[in-house]
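What follows is a group of structures, each given as structure tokens.
Two complexes are shown next, each including chain A; its partner changes from chain B in the first to chain C in the second.
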Partner chain A sequence: MDRDGILRIAKLARLEIEDGKIEKFTEEFNKILSYFEKLGEVNTKDISPFLLKNENVLREDEVIRFKDRDRILGNAPDRQDDFFKVKKVIEE
Partner chain B sequence: MKGQIKEKIAGCIGKIKQADIKIHSFLEIFEHRAIEKAEQLDEKVKNGDKQGRLFGLPVAIKDNIVIKGERATCGSKILEGFISPYDAEVVKRLEREDAVIIGRTNMDEFAFGSSTETSAWGVTRNPVNPEFVPGGSSGGSAASVAAGFVPVALGSDTGGSIRQPASFCGVCGFKPSYGAVSRYGLVAFGSSLDQIGPFAGNVRDIKKIFEVIRGRDEKDETSVEFEPVYALKEKVVCGIPKEYLNCSEKVKSAVKKTIEQLPKNFEVVEISLPHTEYAVGVYYIIAPSEASSNLARFDGIRYGRRIDGSDLIDGYFKTRGSGFGDEVKRRIMLGTFALSSGYYDAYYLKAQKVRAVIKRDFDIAFKKVDLIIGPTSPVIAFKIGEITDPLSMYLQDIFTIPANLAGIPAISIPCGRGEMGLPVGFQIMAARFNDGFLLEAAEKIEEAISYE
Partner chain C sequence: MSDFIPTIGLEVHVQLKTKSKMFCSCSTDFGAAPNTNICPVCTGQPGVLPAKNKRAIELAVRAGLVLNCRIEKYSVFARKNYFYPDLPKAYQISQYELPITRDGFVKLSGKKIGIIRAHLEEDAGKLLHYIGSVPVDGSLVDLNRCGVPLLEIVSYPDIDSPETAFEYLKTLRRLLRYAEISDCDMEKGSLRCDCNVSVRRSVDEPLGVKTEIKNMNSFREVREAIAYEIERQKKVLSDGGKIYQETRLWNGRKGVTVEMRRKEEAADYRYFPEPDLTPIFIDEKIIEEQRKLIPKLPAERKEKLFEMGLSEYQVDVLVEERKLCDYFIAASENSNPKEVANLIITNLLGEMNKKRLDIEEVKLNPLFVGELADLKASGKISAQVVKRIFPQMFEKNIPPSQLLKNLNIVSDEGKLEKLVWEGISENSSAWEDYKMGKEKASGRIIGWVMKKTRGSSDPATVKKILERLKDEKDFDN
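Here is the complex of A and B:
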């Protein structure tokens, strides 16, 4: 993984990384990735991926109204009436 | 007349205010809330009303478990200003039994760490020796109990975040079976690994809290109702994995002494968990993968910090870039990478397969033994600032991670002291949903051993 690779991952994850830290991030990332190579020693040819429970849990999709709407909206960094306010998404 | 409970709680808060300056186990004391609750409890006494099972018991709560009307930050700037609109299920259950919630405790940012050094609000110090870390990520909760501020505290454990700090601070810390306790209201980190559990000075108090918080909750679909059986067998077979003796000399000798002092009906046999050495690699692929997805919700739109950018997307970059610390960014990126197209099979899928192999090791072992015993951590508490390399920090979790990967219950109890009087923890694991048996055995072991 090189500097560009790190920047590509950071972009996918929507993370701004300070310029001065990219090199150190890259170095540590590579160290961790090479540690992961150890897993290649384990033969997993006929092994199914881990599952704690081999069945789906289903329920009705019912709407339950939250009583304290204002407590939720009160956390909004920016709001207008009963809406969370964000920067314009659609081009004019 | 001043009520007895109010006096007790006021005393507890006074002690924290005075002595926690040196430890920094609490991020906030809920003075108003705690005193108000204490007054209600005194009123109950006066009226002769029925008293809950935890009547007047002060409890500290890790900063990633939400309480209605209170702040919760997960040790992160990105949740600055957030006030929870609802109670976590465990908080509801504690308060229903008349426990008094005293405050929220410090933690590694988003529980990513093993030392409580990555908190955005400063480090917590080990009450045994303030130059050393308390362990992590639930370091604040462990320290609050070890310092004698509160008798019990809640933490969360994804790869050892309850047991390792319990071990470093010299208290008991219990990670229940996956599914035993509802995680509703616990800020999600690694959803296939996370469990909430208690810290206490002794196993009896651990049991008392576990009995209150455990059980099915329809708001956490992974939670399960089961009846723990608090009973032992005539002969208890304990397996000591030979892979778990790869630890520091002081830890090894404390663990060996503990094994020599086990109750008479405990038989010890050597076993093997042959894939132990792969647990850290598996964990640091799976946990960051789950975290990268869980932490996508922190975008500055509905709560917490927002830094505006040139457009909506740029705002995400700025909000997350300034709100998250370096370790959080690193883990999100590791997870994003492991799940990204072209790498998924080699990393995430491979890790899930090796996880199945590790789980199989335990299944085989529990056919022969009732308990698996050994050290909680390969080392005792290290100095603040001593470990700076991320991978070296990850390797601290080698003995605690396997229980999370397999979904089994595990407890750490104090078993000795190493250099500078720093505590050593003894870990006991049992098969999934044998939580009652495990706690019963831990209590017997706690009674049988002496050190110093």
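Here is the complex of A and C:
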């Protein structure tokens, strides 16, 4: 992972990185990646994902009303009446 | 301008007919007050877990069957990551590498349109920029739709004209409605359609650069938008210009497509398997259960209706809605099918329109329509009489025979003949003229009988009786 890669990931994640910290992030990011590389050492060819049982975990199609929606609306940074309010999204 | 060949592929999203959302138990009710059908799961609160809706999966299997797809024994959900305020989790749960169904087709009148895949996903929320006509100093988010189950149906680029796209959409909608998979109502957002359009000069060339067009509100608009986009691309290329891969919005008011965003690099959605959900397993039992729930589909019904002697127009109208077609089949079981079709298309649909009713809300017993059709076909009652009694039949669900009795409608030829004799003696000069060969003179006698019966006799029948009487007289002489 190089400098451009870090900038691309930061952009996708909507993160702002100060110029001076790009090097540090690149280094740390590569450390994390190489740690996960260890998983690649295990041969998983022809091995399917582990599941306790090959059966469906499903829910019946029934409506259960959630009663505390005001707490959800209250969790948002901003609201207007019963809407969540966000910065203007330009659509045209 | 040299000739270009258009290539069109459609992505259709339909809302599956479920009561609750795809991964939580919130209602999918259309038109609920803003943010009333929300919960911690569909608003992406920390620590929640999604749970798959059984019915949505069954409906996806049924759709796969109707679309002649292969139903996968094993499929998985995936996360599609992007930031937008209508998507509180910052990812949409969809299917990517392993969709639930793939490789199917829809048969049109002249050709087959291939289906690449039909996969499950959840809808996003809705953004509002105005309240009434007043602009908001930001954007408002309603998450009622967020998490509603959708099936995305992706066609192969097998479509070569706006008309074929239109026919494909109509056929697809009919299939999904017949099998009760989706309401496919564009106005209510339960069907949406994006089109990929490109043109090239010959089939030997590789496909041209495509644009994606969105924001059409009806099938007619889809047809118009595609036609516009084909012409636009042809013109750009003929003038030596270049087509960019971009998303274009249809502006229905102006009848044009407008550039929305240019895709400079392919969008990076960083798909990966959804770790919060187990895979979907579909066995033969589920497939067979769903297969049994599929009624006779439009193509098969069309054939049967043609065999019954109906016109192409009649067949098209009757086959459009399954319940209307069922009604016709029930009404014509022992009755003249052509006449039943006439009554349903003219009178029944007329009354339904007036009262703004759906076929499900019609109380009139289809057998009564059959009875009326036979009375009409045998000439016992006239079109006027049908017109007069149908509204009452419709409203009160009364058999026509009873209404005819109540109205004192004269359909008995013996009774009518007596009246005709009366008419003759009251209009003896007209009778003499008629016998001399003046056809027009019969009108006075027919008019008299009609007046006497207050319009409840059939003029054609009266005329027939009159003719018979004249011939008998000739014979006497």
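As a working rule, the second predicted complex is superposed on the first by the 85 of 92 C-alpha atoms of A that agree within 3 Å, B and C clash if a C-alpha of one lies under 4 Å from a C-alpha of the other, contacts with A are read in each partner's own complex, and residues count from 1 in each chain.
Here is the rule we use: a residue touches a chain if its C-beta (ideal position, glycine included) is under 8 Å from a C-beta of that chain, and two chains touch if they have at least 3 such contacts.
All of these numbers come straight from a predicted model, not from anything done at the bench.
**Student:** Identify the partner contact of A:I72: answer first if only chain B is touched, second if only chain C is, both if each is, neither if none is.
**Tutor:** Both partners, chain B and chain C.
**Student:** Once chain A of both complexes is superposed, is A:L12 in touch with chain B (first), chain C (second), both, or neither?
**Tutor:** The answer is both, since A:L12 touches chain B and chain C.
**Student:** If you stack the two complexes on chain A, which partner ends up touching A:E28: first (chain B), second (chain C), both, or neither?
**Tutor:** In the superposition, A:E28 touches chain B alone.
**Student:** Identify the partner contact of A:E55: answer first if only chain B is touched, second if only chain C is, both if each is, neither if none is.
**Tutor:** Once the two structures are laid over each other on A, A:E55 reaches chain C alone.
**Student:** Could you say whether A:V63 touches chain B, chain C, both of them, or neither, answering first, second, both or neither?
**Tutor:** second
**Student:** Which partner, chain B or chain C, is in contact with more residues of chain A?
**Tutor:** B
**Student:** Contact-wise, after the overlay, does A:D82 reach chain B, chain C, both or neither (first, second, both, neither)?
**Tutor:** In the superposed model, A:D82 contacts chain C only, not chain B.
**Student:** Can you give me the overlap between the chain B contact set and the chain C contact set on chain A?
**Tutor:** Residues 12, 14, 49, 51, 57, 59, 66, 72, 75, 78, 84, 86-89 of chain A touch both chain B and chain C.
**Student:** Quick check on the complex: what are the chain A residues that touch chain B?
**Tutor:** The touching residues are 1, 6, 9-10, 12-18, 21, 25, 28-29, 31-32, 35-36, 38-42, 44, 47-52, 57, 59, 66, 68, 71-72, 74-78, 84, 86-89.
**Student:** Going by the contact rule at the top, pick out the chain C residues touching chain A in the complex.
**Tutor:** 18-20, 25-27, 33-40, 43, 45, 51-57, 81, 83-85, 127-129, 136-143, 249, 258, 260, 268, 270, 278-281
**Student:** Can you list the residues on chain A that touch chain C in the complex?
**Tutor:** Interface residues on chain A, with respect to chain C: 12, 14, 49, 51, 54-66, 69, 72-73, 75, 78, 80-89, 91-92.
**Student:** For a test of understanding, state which residues of chain B touch chain A in their complex under the given definition.
**Tutor:** 68-69, 81-83, 85-86, 178-179, 192, 218, 221, 275, 277-278, 280-282, 284-285, 292, 299-306, 308-309, 311-313, 315-318, 320-322, 324, 326, 329-330, 332-334, 336-337, 340, 347, 349-357, 359, 389-391, 394, 405, 407
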